[in-house]
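Both complexes shown next keep chain A, but they swap its partner, so chain B is in the first and chain C is in the second.
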Partner chain A sequence: MFRNLYADTRSILLSRAFHLALIIIAAYQVFYFAHIKVVYAFIGVSEIDADDIAFVFVSVAAFLVTAATLFITDREFSSGCIRNKLISGVKRRDAFLSAVCGGMLQGALYTVFACLISIPFIGLFSVGFINFSIQEVADYWLVVVMTCMAIGAFSTALVMILGGSKLSYVIGLLIAFVMKVWDTVILDKLYPEKGFCKLTGAKLAVYSFVDKYIPYSYLMIRPHYEMRFYVTGCAAMIVISVVIGLIVFSKRELK
Partner chain B sequence: MEYVFKSNEISKSYGKFTALSDVNMEIPKGAIYGFVGKNGAGKTTLIRVMTGLQRPSSGTYELMGKSFTDKDISESRRRMGAVVESPAVYLDMSARDNLIQQCLMLGLPDYNCVDEILEMVGLAETGKKKARNFSLGMRQRLGIGVALCGSPDFIVLDEPINGLDPQGIIEVRELILKLNRERGITFLISSHILDELAKVATHYGFIDKGHIVRQMTAEELTDECRKSIRMKVSDIKLLSKVMEEKKIDYKVVDSNTADVYADLTFSEVAKDFEKVGCTIINMQEHDESLEAFYLSLLGGNENVQKSVC
Partner chain C sequence: MINLYRANMKRITANFIFLGGCIIAFLATYIFTANVMGMTGRFENMGPDRRMFFISIAMMGFFTIFVPLYTNMEYRFGVIRNKIVAGYSQKQVYYSHLLGHLSVLAIMMIFYLLGGILGGARDFWEIALLNIVMFFALCGYIATMMLISFRILKIVALSISAFLILNVYYTGTMIGNALLSFVLKGAAKQVGVIIYNMTVFGQWFSGTGLADDYINPGRFLQMVISIVVTLAMTLIATAGLDKRDLK
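Right, the complex of A and B next:
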């Protein structure tokens, strides 16, 4: 499996879609920073907090990681490269696992890149973090890396399960969108700006579960649980994607 | 005879649709096996089954002596390369990077074969040019190059000259012949372009509606297709006698018809037949191309499995 993982990593790093995703991440952060600068100048605020510009990537991470991993894996299918692997004697299990690991790697690389891009802006143009300690910043990035890895694994498994069908784009991006909207509602109900949480019973349990264990929700708000909950949520998503994916892909008839 | 692929009653169904039905097929080692059939006849389905992309609904097959159910069938598959439907190349990589990628995937200890393969498929001069900027012919040759990594014994090419210009067709044909002669690689080539296939194939398999209608060697096909005079006579035994006396090659078609493989002068033949008391009912030139043979084979009533390889 490791030689496949190495080959897959190489193909990801050399792919134009991967480079394009990195450019989009960088461009988005630059654009966002410029936008904040203009807005602050307009309202007469000269100093920018690092809190406002450090985690810009997080708000688009679910869509970006989903889209990029879906696209890169789907293209491996459509170009016949996955088919070629199997014809050349690569076991289905190995092909699947290395693809999923490739998706996780992409998630991690996009996040690390976004973090690196944000550092010069924070250092040069902000007055530093106001509401975050260094440890909290590190924890936040760690949670985002884990979450993006889980989303990358899920998206890749989705393409493999659906055999390279374009339906994987619809499902993957729809899940990201629905979770974003639903999480907004959940956060609003669990942590209302005014007053206190009025949820009870099953609804409270479901909303708390989503907030605590579903990785998409980790990208909505700064970490507010212990790290073990985030690790559990991300690990569960990866394990479920891998187990279901392996069962389906090993029996799937490929064209 | 040693076979690289041998199937035993393979069937493949998708719901109620039967794509392959009790297919028996043998591909001898060192052959260039031309796989001929109409669209939807089952060629690609059989190739998918053969390459392990799909499992047969029933029946078995052996790949290089190993049953497809063997745990170590992947070892046999590693000795196999294929270009199924479209060449499997990474469009964002150069030709060289594509070959290195395949070497990595196969776990080869080094990339020494890369330059040789690039030279062989005529892509040594492409440098850093990405595969996305290659012509269709170049991609096809790169696909064959990828299939060549790891020195395979058996290569499957599904419609390898589809969409190629005449120059590209010649290049691919020359490459196949070269690899077969110099390296002894066995090829399975499915193609619609029968005349082109006839230039390379040593064996043929004809498939129709999921059945292998016939398998034959190129020599047998040549015999069936070669120019002849079809003679209808009153007594076929007398015709045989005359032909044997004159040492002329012939083949009896039915009780009063035979194909005679020689340039005959009608007046001389008429005299010879008159001497033995045989009447010539009619005589006509009979020239069957591979296409005509294919049409007569698939259009005929006797679409039965007949293995003659």
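Right, the complex of A and C next:
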């Protein structure tokens, strides 16, 4: 298991897709900062709050983590790596768990990198945080790290379950996009700009559940629940991905 | 070229993703337009005609998946190589695919219109105008998908690129709404409106009645913008295409 995990981790860290994802995160931070600067120039504001440029990664995190894990995990199938591992005696369970750990590692590394990249922008170009205390900033990044790890695990498990079929290329990305659109609707209904929430009954229960326990929604708005809800949501997503993935992956015929 | 188009249509119309998409287009439009699920609030107030138009954006999602997957499958299975070996140029193959996908769009819109009309949409002129605009907007989107499908041959990179475009269009429209409402003024706003309407999301948003009126430059201008986008994407896709080596 650990030899396999070591090999997978090394493969991820040395892969071009991983490096490209890091470059994209840095480039997006620069692009977003330039965009904010232009918008502020239009409305005649010269000072930028750190609130506006600190959490840039969060808006693209779900897509980026899903895309990167899809790219790297699919390579295992297309290059015959998984098949070779199984032939050389690696258990299916170990191969799956190692891949999922790799997905989680990617999620964590991308977020930590994004956090580090945002620090010089905050220090050099902003007037500091207005609506966040230091503890809230730390909490926010912690939630994003956990969320990206959960999404990385889920996305990797999906590719391992569907590996080799056409569905694996679209399902993770489609879920990430649909959740983004749906979460926009949910937030609009739960926290309307004008007036109060008018939802009742089953709809309120479903929307509140998604807002509280589905990690994709944690990336849509700053943390507003206690940390235990975020930990529960992310842990549940990882556990469900691993359990279902192990059951399916151990029985499926590999192409 | 006509032979290529016919062959394409024969293969596409037998494709299970396309057939499933048509059935879903019919059923989803009927269910949404007739409000079978008993939605209240904003959707109930929209009325059948607007509800029908609202669901039309699902076709954008369908073509995000279908165009790259189908076209790449043709590359992977050697269908395109065989066509080139048979004496057709890559440009001819491209045009036949583009025409094929636009025909698929027209067929799917027939299913969608059928579902909407059976679901209770009645205002003929509003349906006709809005959906012609949507048809042209989707043509631009399909041309964009065709561009990446012919330029990126690795399926994983292609899927990621297709969804990246979908995400950029969606996020761009949301940002566009905020910029046009609060930031841009005068000539900058006019340019912003044109850019906003270059995406399907932008044109769809202006047709749903959920957005402010100023994001709509006029239905005719929207169609012109879509045609320009389609032509631009086709030009970029075919530039130097015949000189490219196929593996």
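Here is the rule we go by: the second predicted complex is superposed on the first by the 253 of 255 C-alpha atoms of A that agree within 3 Å, B and C clash if a C-alpha of one lies under 4 Å from a C-alpha of the other, contacts with A are read in each partner's own complex, and residues count from 1 in each chain.
Assume a residue touches a chain if its C-beta (ideal position, glycine included) is under 8 Å from a C-beta of that chain, and two chains touch if they have at least 3 such contacts.
None of the values given here were measured: they were computed from a predicted structure.
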Partner chain(s) touched by A:Val39 [first = chain B, second = chain C, both, neither]: second
Partner chain in contact with A:Glu47 - chain B first, chain C second, else both or neither: neither
Touched partner set for A:Ala7, first chain B, second chain C, both or neither: first
Touching partner for A:Val90 - first (chain B), second (chain C), both, neither: first
Partner chain(s) touched by A:Ser15 [first = chain B, second = chain C, both, neither]: first
First (chain B), second (chain C), both or neither touched by A:Phe63: second
Contacts of A:Glu193 with chain B and chain C, given as first, second, both or neither: neither
Interface residues of chain A shared between complexes with chain B and chain C: 75
Interfacial residue positions of chain C with respect to chain A in the complex: 41, 61, 65, 69, 73, 155-157, 159-160, 163-164, 166-167, 170-171, 174, 179, 182-184, 188
Of chain A, residues touching chain C in the complex: 39, 42-43, 59-60, 63, 67, 70-71, 74-75, 78, 166, 169-170, 173-174, 176-177, 180-181, 184, 198
Sites on chain A touched by chain B in the complex: 3-4, 6-7, 10-11, 14-17, 75, 79-81, 83-91, 253-255
Partner chain A, residues of chain B touching it in the complex: 48, 51-55, 74-78, 80-82, 84-93, 97, 101-102, 104-107, 146, 150, 156
